[in-house]
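Below, subunit A partners subunit B and then partners subunit C, in two separate complexes.
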Partner chain A sequence: MAYTPQYGPGTSTVAENRRKQMNPNNKLEKVRDVTDEDVVLILGHRAPGAAYPTAHPPLAEAGEPDCPIRKIVTPTEGAKAGDRVRYIQFADSMFNAPSQPYQRTYSYSYRFRGIDPGTLSGRQIVECRERDLEAYSKFLLETEMFDPARCSVRGATVHGHSLRLAEDGMMFDMLQRCLLTGDGNVKYVKNQIGEPLDREVNVGKPMDEGWLKAHSTIFHSLVGVPYRDDQEYVEYVQRIHSLRTKYGFMPKE
Partner chain B sequence: MAKIERAQKLFLDSLKEKFQGEDPEAVNTAFYRFGGLAQSPRKQEFIKASKAVEMQRGISMYEPVRCHLGGIPLGQRQLMTYQVSQSGVFVEGDDLHFVNNSAMQQFWDDIRRTVIVGMDLAHQTLQKRLGKEVTPETINEYLHVLNHAMPGAAVVQEHMVETHPGVVDDCYVKVFTGDDAIADDIEPQFLLNIDKLFPADQGASLKAAIGKGLWQAIHIPTIVSRTCDGGTTSRWSAMQIGMSYIGAYRMCAGEAAVADLSYAAKHAGVIQMASILPARRARGPNEPGGIKFGLFSDIIQANRKYPKDPARASLEVVGAGTMLFDQIWLGSYMSGGVGFTQYATAAYTDNILDEYTYYGMDYVKDKYGVDWANPSPGDRVKASQEVVNDLATEVTLNAMEQYEQFPTLMEDHFGGSQRAGVIAAASGLTCSIGTGNSNAGLNGWYLSMLLHKEGWSRLGFFGYDLQDQCGSANSLAIRPDEGLIGELRGPNYPNYAMNVGHQGEYAAIVGGAHYGRGDAFCYDPRVAVCFADPSLKFDFAEPRREFAKGAIREFSPAGERSLIIPAR
Partner chain C sequence: MTEASYPQCRIVPLRMLKPETAERLLNSIVKVCGIRRMLVNGPRLPATVPYGPARGKPNPHSARRVITVGDTEVELQVQVGQVVLEVEDRGVIEEVRSVCDEFFTEIPYTLQEGIFMKTKPSLVDYAKYGPGADESVIGLTDPGKKGGLVILQGLK
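And now, the complex of A and B:
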């Protein structure tokens, strides 16, 4: 019997949104346009138009060893070219940012190849080959997984995910890498590690509260869906915990 | 998941003081307007002090405006003050780093410089091997000699150097026993009087457990253990004990029986506060990583002072434990730097963990009839998986909801590791106090972690991925290669050795099981008696209050050196 992923339990909209983001067969809505050059500027790893720095020669020239694993795994474009490994890191507000750290990791794992995600409370990083990264980053910035006010691309100094929102609805950022400007758009004035950009990068208008709540992947009893209300979700976690406990106590059972 | 109502929110006073003029339930606020470091008197003091240091030594030092993030100093948001929980004292965060807090230093000094050494083996050597008479008079005389020698004075030889009493004034030895007749014969200045120090039921229990043995509670000079290490404590004490026996009982300094006394004082009759650590941790005995959680809960004396409030007693262990294990052990011994303080203080400031824990107490009483304010093994709820799941789930959900309902509370605990540790601690404490079973408490901790992670799609830093997601499976395993009863676990237990925000709370969960049962001790009655000593510099019944005193610079530590350095 073929295994069919279920992408997690739960009857709430939060649970359903989580499944939608994880399920690679579900096409996520494209909400905004961010150009390739703008993605490169925000990432700050290379100058737009510059060649990709390499960590090794292209695989086609490298003379790979006779390795059964290499025959099974098709290299990504970045790996083929020998790109170095770089990163994008997001901070996501607990006030209904459309994606959240573990949710990102789970979703990336289902949707992307050749990645190394890391999950913390205030940030989530993913590392991969540079040209793959740029493609993934474009997807992450343009789709419903991103909101310009509640999500932020931050390589360092990520403090903000749990803080109250600023008066204009933006998540706190000590470096103020992006600003809500007079035309209603959020524009990056610094790259993800806080180096000033030569020009602003427009990532569009913040989504409204109704949209954010409808697309949220975090339970929140004040601004969203209370965790307590999704009984199936809670009972699922209890079940996992109970099974693990019993196995550790008496593995024969 | 039947939520109960608690009208009183213990953290609200702190939130109102920290975020003055702001609605603690509001979602929005203003940032970037606080003037950076100018908002903090302590940071201003640092700048001034640094300038004086730079002028004197000619080397640059504290330059936050230049060096922090290339010109963006701390304080783009409000730099918060903190109330040390249940102390009523508000302090600056900087003052809770152990370098800036003499009470925290003394807390650890007082543990590291302590060993307990039995007298019975030595007395048998004296009586059976040497034919010496041991009487109450000789014991008291020996204690006079020992209290002369232990700080570093000579008792046998000519032309010896000695230590300045003013520099080692915190060094002394007292004794204790479970035998009233023996205790009556000891000079009061040398006796830890169990009857006077403990509530009657605890005293009776301790005396029964200790029996007729006579034990020395030894505290070597703070300055010695600081200059050397925890492994020094038993060596220093054993040397002075040996010399004191020689002097008090007129022994030959070189006779073979001295070896028996040395063996007893260094090995056979010694209770170290912490066991030696494996080579990869590179620490000797009496260093923080070797303290078993059960023993640590006996060091902390809040259960003696608040026997009817096991939650309070446990919360004092949390405060003391996070300070020692997070700030000093993991934060400096094992890691270095200053970041760990921020994790640890979350568990003992602003009455947040206190509120969550008392919610758990109310819940366990409301649903299971456990009268938590009258500790007793008789009315604890049976530690089944269902009960643990129910208690941990409800306490976790409540705590998450409090953070959600009060955005300033979330902002107070701005880090996921802070919140994870606090929520899981309240869950674990509710389970351990409610059931009287430390492993049930640990199991509740791990369910809390899983619930938290799934609810908010985040937990703590990377390390939580391992420890807290495999903890369910080892919380009830007791085979030595897989698990232990909570009392025997410690900071060096597999999987516990790397994560801030856990070890102090685990110790409290272990202690809570016993405090909930009304036990007089958790692991070793001798340790419980040793740290009940009112002569100690640090009051182990009130660690959080003592830390607050250190923060506001009202704590007087040992280790005075002004006698031997130039006057400033």
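And now, the complex of A and C:
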């Protein structure tokens, strides 16, 4: 019988949203348009329109050794061209941001190829070849995994995920990389490391509270779904905890 | 330094305040008589980028600006998250509460009583101010920073 991944336990909307993001067969809803040039500007790794700097010659010219693994694994576009490895890092507010660091890493691992994610409590960084990174970043910014107010692209100085929101609903950012403008759109005025941009980059309007709560992937007893309300999730975590604790004693269920 | 006989309270709004809102809030609080010391607290907004590849570059931020409290200009260096007050007696806290009840109509807030200011000089305070430090200064400013405290004037 073919194995069908379950992606995660739980009966709550949070659990369902987590599964939706992780399942690569589930097409995530596209909620905004961000152009390729905008993505390049926010990332700040190269000037828009500039050629991709390379770390090594293209694989076609490199004369690769005879290796069985290289025959099995198809290189990504970035690897084929010999691009540099670059990064994007997201900070996600605990107040019902549509994705969260661990959730991002799980989802990226199911959906993307050739990545090296790094997961921390309030931020998540992913490294990969530059042109792959731009494609992945565009996907991450345009789909329901991103909200302009509660998620933020922050290469450095990420503090804010666990703080109270600002009056206008934006997550605190010491560097104020993006602003909620008068027309209701969030615009990036600095790239992800805090260098001013030549022009503003529009990433659309923040989603409303109802949408955020319905698309949240974090349990939150005050503003969202409390963890203890999802009995199946609690049982699963308790089971894992129990098995890990007893592991040295060769547990048999 | 804090005497045990002076009560303290802190005002914590559910959202962090814009400078304009903070200015209005502080101006309505300082009208209450009997406030000895006041501390505006929140995450810092540095003038230059503190970390990362852009370290040292200017950091323009709309929330870091000069506000006027009473007749005194105060440079906000933080996004206002809470306001800590030391008052003459507990009756003043009730007056502050009534001011806050009128002020916070859109954002919920909590007003807590307790000890929220430093009660003893720390090692860093000793290094900066020495053994004969003015006790009313301790805990009001970050001893590692150059800026001092502000004395509010023009309240009468």
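We adopt the following convention: the second predicted complex is superposed on the first by the 249 of 253 C-alpha atoms of A that agree within 3 Å, B and C clash if a C-alpha of one lies under 4 Å from a C-alpha of the other, contacts with A are read in each partner's own complex, and residues count from 1 in each chain.
In this section, contacts are C-beta pairs under 8 Å (C-beta built on N, C-alpha and C of every residue); 3 or more make two chains touch, one makes a residue touch a chain.
All of these numbers come straight from a predicted model, not from anything done at the bench.
Enquirer: Quick check on the subunit A-based superposition: subunit B and subunit C, clash or fit?
Expert: Once both complexes are aligned on subunit A, subunit B and subunit C clash.
Enquirer: Between subunit B and subunit C, point out the one touching more subunit A residues.
Expert: B
Enquirer: Touch test for A:Thr119: subunit B only (first), subunit C only (second), both, or neither?
Expert: First partner only.
Enquirer: Now for A:His159: first (subunit B), second (subunit C), both, or neither, which partner does it touch?
Expert: The answer is both, since A:His159 touches subunit B and subunit C.
Enquirer: Quick one: classify A:Ile193 as touching subunit B (first), subunit C (second), both or neither.
Expert: After superposing on A, A:Ile193 lies in contact with subunit C but is clear of subunit B.
Enquirer: Is A:Asn26 touching the first partner subunit B, the second partner subunit C, both, or neither of them?
Expert: neither
Enquirer: Examine A:Thr74 and indicate which partner it touches, taking first as subunit B and second as subunit C; both and neither are also allowed.
Expert: So A:Thr74 meets neither subunit B nor subunit C here.
Enquirer: Thinking of the overlay built on chain A, is A:Thr35 touched by subunit B (first), by subunit C (second), by both, or by neither?
Expert: A:Thr35 contacts neither subunit B nor subunit C.
Enquirer: Under the stated touch criterion, which partner chain does A:Phe95 make contact with: subunit B (first), subunit C (second), both, or neither?
Expert: A:Phe95: touches subunit B, not subunit C.
Enquirer: Considering only the touch criterion stated at the top, classify A:Glu167 as touching first (subunit B), second (subunit C), both, or neither.
Expert: In the superposition, A:Glu167 touches subunit B and subunit C alike.
Enquirer: Per the contact definition in the header, classify A:Leu179: touching subunit B only (first), subunit C only (second), both, or neither.
Expert: second
Enquirer: Looking at the overlay, which bit of subunit C runs into subunit B, 7-15, 25-33 or 97-105?
Expert: Stretch 7-15 of subunit C has C-alpha atoms clashing with subunit B.
Enquirer: Do subunit B and subunit C land on any of the same subunit A residues, and which?
Expert: Touching subunit B in the first complex and subunit C in the second, residues 157, 159, 163-167, 172, 174-176, 194 of subunit A appear in both lists.
Enquirer: Within the complex, which stretch of subunit C touches subunit A?
Expert: Its residues touching subunit A are 13-18, 21, 43-46, 49-54, 57, 59-63, 79, 81, 107.
Enquirer: Which stretch or stretches of subunit A touch subunit B in the complex?
Expert: 18, 94-95, 100-103, 118-122, 157, 159, 161-167, 169, 172, 174-176, 194, 217-223, 226-228, 231, 233-234, 237-238, 240-242, 244-249
Enquirer: Which residues of subunit A touch subunit C in their complex?
Expert: 155-157, 159-160, 163-168, 172, 174-176, 179, 193-196
Enquirer: Which residues of subunit B touch subunit A in their complex?
Expert: Per the touch definition, subunit B meets subunit A at residues 1, 3, 26-32, 69-70, 72, 76-77, 385, 389, 393, 397, 400-401, 404-405, 407-408, 410-411, 413-417, 419-420, 443, 446-447, 450-451, 453-462, 465, 470, 472-477, 482-483.
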